[in-house]
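I've put the structures underneath this note.
Look for chain A in each of the two complexes below; its partner is chain B in the first and chain C in the second.
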Partner chain A sequence: MQAGSLSTFLKRGAIWGFIVLELIFFSVAGEFMSLSDKAFMDVDNMLLLFKQSAPIGIIAMGMTIVMINGNIDLSVGAIYAICAIILLDSMTWPIFAGLGDWAIPVAWLLALGAGVGLGALNGLIVWKTGVDAFIVTLGAMLGYRGLVFMYNGEQPTSHLNWTLVDFAEAQVLGLHTATWFLLAVTAAIWFLMNKTVHGRNAYAIGDNREAAVNAGIRVGPHMMINFMIIGFLAALSAVVFYSESGSVNPNDGELYELWVITAVVLGGTKLTGGSGSIISTLGGVLAIQLLRKGLAHIGADTETVNLVIGLILIAVLFLDRQLNIKGKEELKV
Partner chain B sequence: MSGVNKAQIGGFLARQGILVAFVVFMVGFTLANQRFLDPDNIMGVMRSSAILGVMALGVTFVVISGNLDLSVGSMMSFSTIVVLDLHDKLGPALAIPAMFAMTLCLGAFIGFLVGYLKLNSLIVTLGMLSAIHGLTLTYSGGQNMDIADKEGTWFSVFGQGEALGIPVPILIFVGLAALLGVTLGKTPFGRKVYAVGGNGTAATFSGIRRARVVFICYLMSSFCVATAGLIQASRSLGSQNTVGQGLELEVLAAIILGGASLLGGSGTIFKTVIGVLILGFIQNGLLLVGLQFYVQYVVTWVIIILAVWLDIAAKRGKLWSPIA
Partner chain C sequence: MTDQTPALRLEGIVKTFPGVRALDGVSFSVMPGEVHALMGENGAGKSTLMKVLGGIHQPDSGQIVVGESPVVMRSPLEAKAKGIVFIHQELSLAEELSVAENIYLGELPRKRFGLVDWPRLEAQTNEILGKLKVGFNAKTKVGDLSIANQQMVEIARALTVDAKAVIFDEPTASLTDAEKVVLFDVIADLRAHGVGIIYISHRMEEIFKITDRISVLRDGQYRGTLDTAATDEEEITSLMIGRKLDLTRSARTHELGGVAIEVRGLSCGGLFRDIDFEVRRGEVLGFYGLVGAGRTEIAETLFGLRDPSAGQILLDGEEVRIHSPAEAIARGISLVPEDRKGQGLVLGMNCRDNMTLPQVSDLKAGPFVAEGAEVAIFDQYRDRLDIRTPGWKQMVGNLSGGNQQKIVIGKWLSMHPNVLIVDEPTRGIDVGSKSEIHNLIRDLAAQGYAVIVISSEMPEVLHVSDRIVAMYSGQIMRTFTAEEVTEDNLIQAISGLSGEGAAA
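Coming up: the complex of A and B.
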């Protein structure tokens, strides 16, 4: 094996190695420190882990492609909250009263459509004005959150539909509904990025925008499509989560953008664009959730989770730079 | 001839656009509500903007040097909680320097990672946002922090006191702004900050120690955060763990409004102060007109994008971007 492919292999596999380490550590430490007598790697526990990873994980898939494209989206938490409110509130609108349970798919479509629309608005602004995506979505994070508050003031929006709750709590082939959504999204985005022209172009644009333009790739539409996809996925995440919970606070989804970016960066995607892998992002999402569950399992305070994740993020960044430093002169500047 | 005039007007608007917008807002809100220009009201706005403003001053240095600081919000929560806790244990005279020392350590750590180890500042400070939040929660045990004897302490002077009829937070904000404004605009160090942010490679080749400049910028940022935490703690004499949550993005919004580029190399303290005041007066003006506080978020969104858009449109000479 050549040195180059070895280091690629190390980088690709690092997140999974980290997950295995976490599993071993928490299983062993759990024997001594845990208050419960259940093993950490209990089947139910692991199934729950997948389910709890879904809300962040679904958005993280979208963030990966936006970051591969060389952009970033800070407004996903606010889009998530808006779509959650639209989902729950639209089921109570009088015009849908006659639909019975058919109001559910209508509400889903409305929420998902809103997500796509808000994402498209971000993408259009980035494309047409040339303002950096960081600034556009930072503004949108505030603006969309303002819209959330304007919708229903500071009151929570609640609506429980039992058909919907049954659907969200169902287990098909042992996996929860939310898990299926996470897996389906992962598969679809993997296909998009690895097997389609759009995916290849997105990598090319993130890697070297000048070269992509010279090769005849239209940068704008690709960026906008990626923003629409992440808007859609933020909405889908809200749909999956709030179908079960049935009540949304105007503050819900705050700091989601930071969690999502943390997961994506842990998975090895570069902020500078052009490189990143969907499967590794799934690894990053699972690693964070595993850490949360593991620390709770061994009886550590939930407060320490933030501390540990923050330090791990910095450590990963440091290690990644050490691995890359030989090949890339520009990093030394 | 008229073309030249048009270009001149365009250039003036591009350079001073944010000042023009500021004046337009002030006139608009004054017409809508006479109380807006009341001295008491203006004083109130400046007082409530002081905490955000003090933090924005420090982050301005970081941004001009070409980096970002997303950790200031949770760092401010940290210093607020620490100073309140130590107030009862050590007394205010020792608690304040102890808190400053601890906050500066955090700033030094970030400065070391970004400056000397050359790690990406966005991810480092994102990690520190989370880590410092965890640190604060661990320190306080998840409890709210309160001063036992709220009446009998002189500690409240920083947030609630007045000197010469002017609230102390405003004095701190204005004093710090003047000091840092001179540091950035009139000293060799200030010029180094611009050089590092404008072109890091060129700065290194001309003998500027880039790492040290970045390190000092983060130290200054954490000093400002500690000052903001002191004002916050002193104003309320009790605090939640999450008091600074989300402030990092409002700080960035104010700096961007002021016209600094997130790529580094441009921006001034004066412009940041204008950015902070615009945010404060918009918030206040919308409330006086009778709108809910959250309308300001939507207005801020529109203003930020318009401000940056017009700025870069003037620089490239075309309204729409050349992106195909």
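Coming up: the complex of A and C.
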């Protein structure tokens, strides 16, 4: 066996192994501790799990490419909230009153457009000022959240469109609409990162920016495109979720950036850039959702869930570090 | 020397890693007051041996004896406590802290309540610095010092313990000649105090200048120890690589083509000024000078990484302005940079992706990268440059220095450049691969490329160049042809001593 390939294998497969462990644990523990008599690995329960993973999962795909590129975006939760408001509120605007259900695609376009625009703004600032993405998007997170509150104060923004609700609650081949969106986004981003020039260059920039510049790659546009993509995906996540729920609170989406980053990091993407896998991010997203659901299944409260997820995140990164060190030692000889 | 007890003795050190026997019974000893060179190609086991000595790896068998007593070291801290001190090639200093804080890092003298005893710290530090005769003091911030002076801080750190053996790992890699002199003085001083010194370097001139004996490793095995006074470069090299190295150059047989690049009056701030030269197709133009003479900066200007303040660049007789590497590449200028890992390669990517990095945007099948075309390019240049790798999927970080350099060269050749600039082509590359790279550069010229080679190694620049530009302090002192250049007049020119050339 080639040096280092064992640890590489362990790392790649780790998140899926972790998911299997979770499934076994909660199925067994559920038998003794669950209040309901339904099995944990019930089909409906698993389908629901996919659906509930979608809002974080869709954004996590964007975060993966931004992080592979060597940046980070903390403003996704705020973008998510803004786009949700635009989606719901625009359907009630008088100018669109004559459109009937055609107001839906218009509202979608407006929300998605806003997401792309806000992402582009982040990207442009990072590109042109050279300020670290962490700082720029930290500012954007506060600023965009401010816009959300300026829009409607502390009040929720609500609008229920039943056509939209029907669409969101539909199940095709058993999977919910939101699940289909998550899978489609995963596939699209996988192709983008693994098969296109943009993806290749994004990896190169994140791994060694200087070498990328020396190869004639223009770093700025690639970074900006990635910020636009994550803005779009934050908006898409809002569109998918609020089509069904129909009401957005100004606090919605808070801490989403941290959940998203947790999922991405669990999936093995490096905070320093240059390395990461889209499929593993999907694993990270599912692992977190499983943990939440599973802990609820055996009767744990929300506080406990957060504590456990926090501990697991640190444990996983510690393990990853150990594997990395081992891999490096094998390589150095 | 023979009746003395060695300062440090290694006896049959064996270290295996899964699948590899990195050290296979290495034994040699260093006497007190001796400078002992340790040589070997990259991968010969030098670094592993150093890690064993430094307490980072534990040997599987064999023992290390310091003075009279066998020692076992489980950590770098223990190694230091036993009197084995390292001066690393890559400095490990806290740049924001003062010299004194760095020297006593982790062992700051304390007063009551754990408070730092600043006056004592400063006094102790200045005492050590006094011995080293350096031009800075305890309070200077390390980040403000030159690399050479930072190295002095490392050495000062070594002097705080009662060192039995000091190990220098490629200490002169980033030093200017003047700074080397100071370093050698310090080494002489250490040896006068009876310290045993292990000196690791690829540079033969240094080895002959300062060492007493030379031990050679090859493939993890100890190949023998030579008396420096009684040996020569050839004997050492043949021990290291198991064959003889030919550095003499055959005369150029091909005709030169037209002028590919011409530079007139190029200046850039305080870095270099009034640079004039031309390179013809089929020609290798060498740039030789001290570190800081402005050679790399000229290359960076041609490659669009710096904007010149004056002057012209002409490609095939046509004036061009280049503001970015992308523009330079589009005009057929390629740069193989000095720092291969930092500036040339994406270490986390495989060989194929690194090789096609600058042209991947042109290799498309619909919206996707045409991976088949990429593999074809990789295969072609792997064969042409004889790159030894198990396959294109191999991460470049796992290749040897020589093969990495060939990947970088292949990357540019596959773009069919007009001008190829190679900055320090063999830095950090072992002796065997060096000559391969040299031959490759000669071959490229023969195939009609215009090649600029920047080097700090005189044998290299003499070996590969058709003409040599000698630079001193940002100016061209003289341009030599291969016929007129000698080691002496070249050294004079780059030291700023050459009277006749300076005015020209």
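Please note the rule applied: the second predicted complex is superposed on the first by the 325 of 333 C-alpha atoms of A that agree within 3 Å, B and C clash if a C-alpha of one lies under 4 Å from a C-alpha of the other, contacts with A are read in each partner's own complex, and residues count from 1 in each chain.
The definition used in the following text is that a residue touches a chain if its C-beta (ideal position, glycine included) is under 8 Å from a C-beta of that chain, and two chains touch if they have at least 3 such contacts.
Here the structure is a predicted model, which is why all the values come from computation and not from measurement.
The partner of chain A that touches more of its residues, comparing chain B with chain C, is B. In the superposed model, A:Val136 makes contact with chain B only, not with chain C.
Of the two partner chains placed by superposition, A:Pro156 touches none, neither chain B nor chain C.
When the shared chain is aligned, no partner comes close enough to touch A:Gly117: not chain B, not chain C. With both structures placed on the common chain, the touch criterion links A:Leu311 to chain B but leaves chain C unconnected.
After overlaying the two complexes on the shared chain, residue contacts for A:Val213 are found with chain B and with chain C alike. The interface of chain A with chain B overlaps its interface with chain C at residues 213, 218, 331-333.
Every residue of chain C that touches chain A in the complex is listed here, in rising order: 17-20, 22, 47-48, 303, 305, 324-326, 328-330, 335, 337, 342-349, 353, 357-358, 360-361, 364, 367-369, 397-398, 411. Touching chain C in their complex are the following residues of chain A: 3-4, 191, 195-197, 200-201, 203-204, 207-208, 210-218, 274-275, 329-333. Chain contact summary for the complex, chain B toward chain A: residues 70, 113, 117-120, 122-124, 126-135, 137-138, 142, 200-201, 204, 245-246, 249, 252-253, 256, 262, 292, 294-302, 304-305, 308-309, 312-313, 316, 320-324. In the complex of the two chains, the chain A residues touching chain B come out as 74, 125, 127-132, 134-136, 138-147, 149-150, 153, 213, 218-220, 223, 254-255, 258, 261-262, 265, 271, 301, 303-314, 317-318, 321, 331-333.
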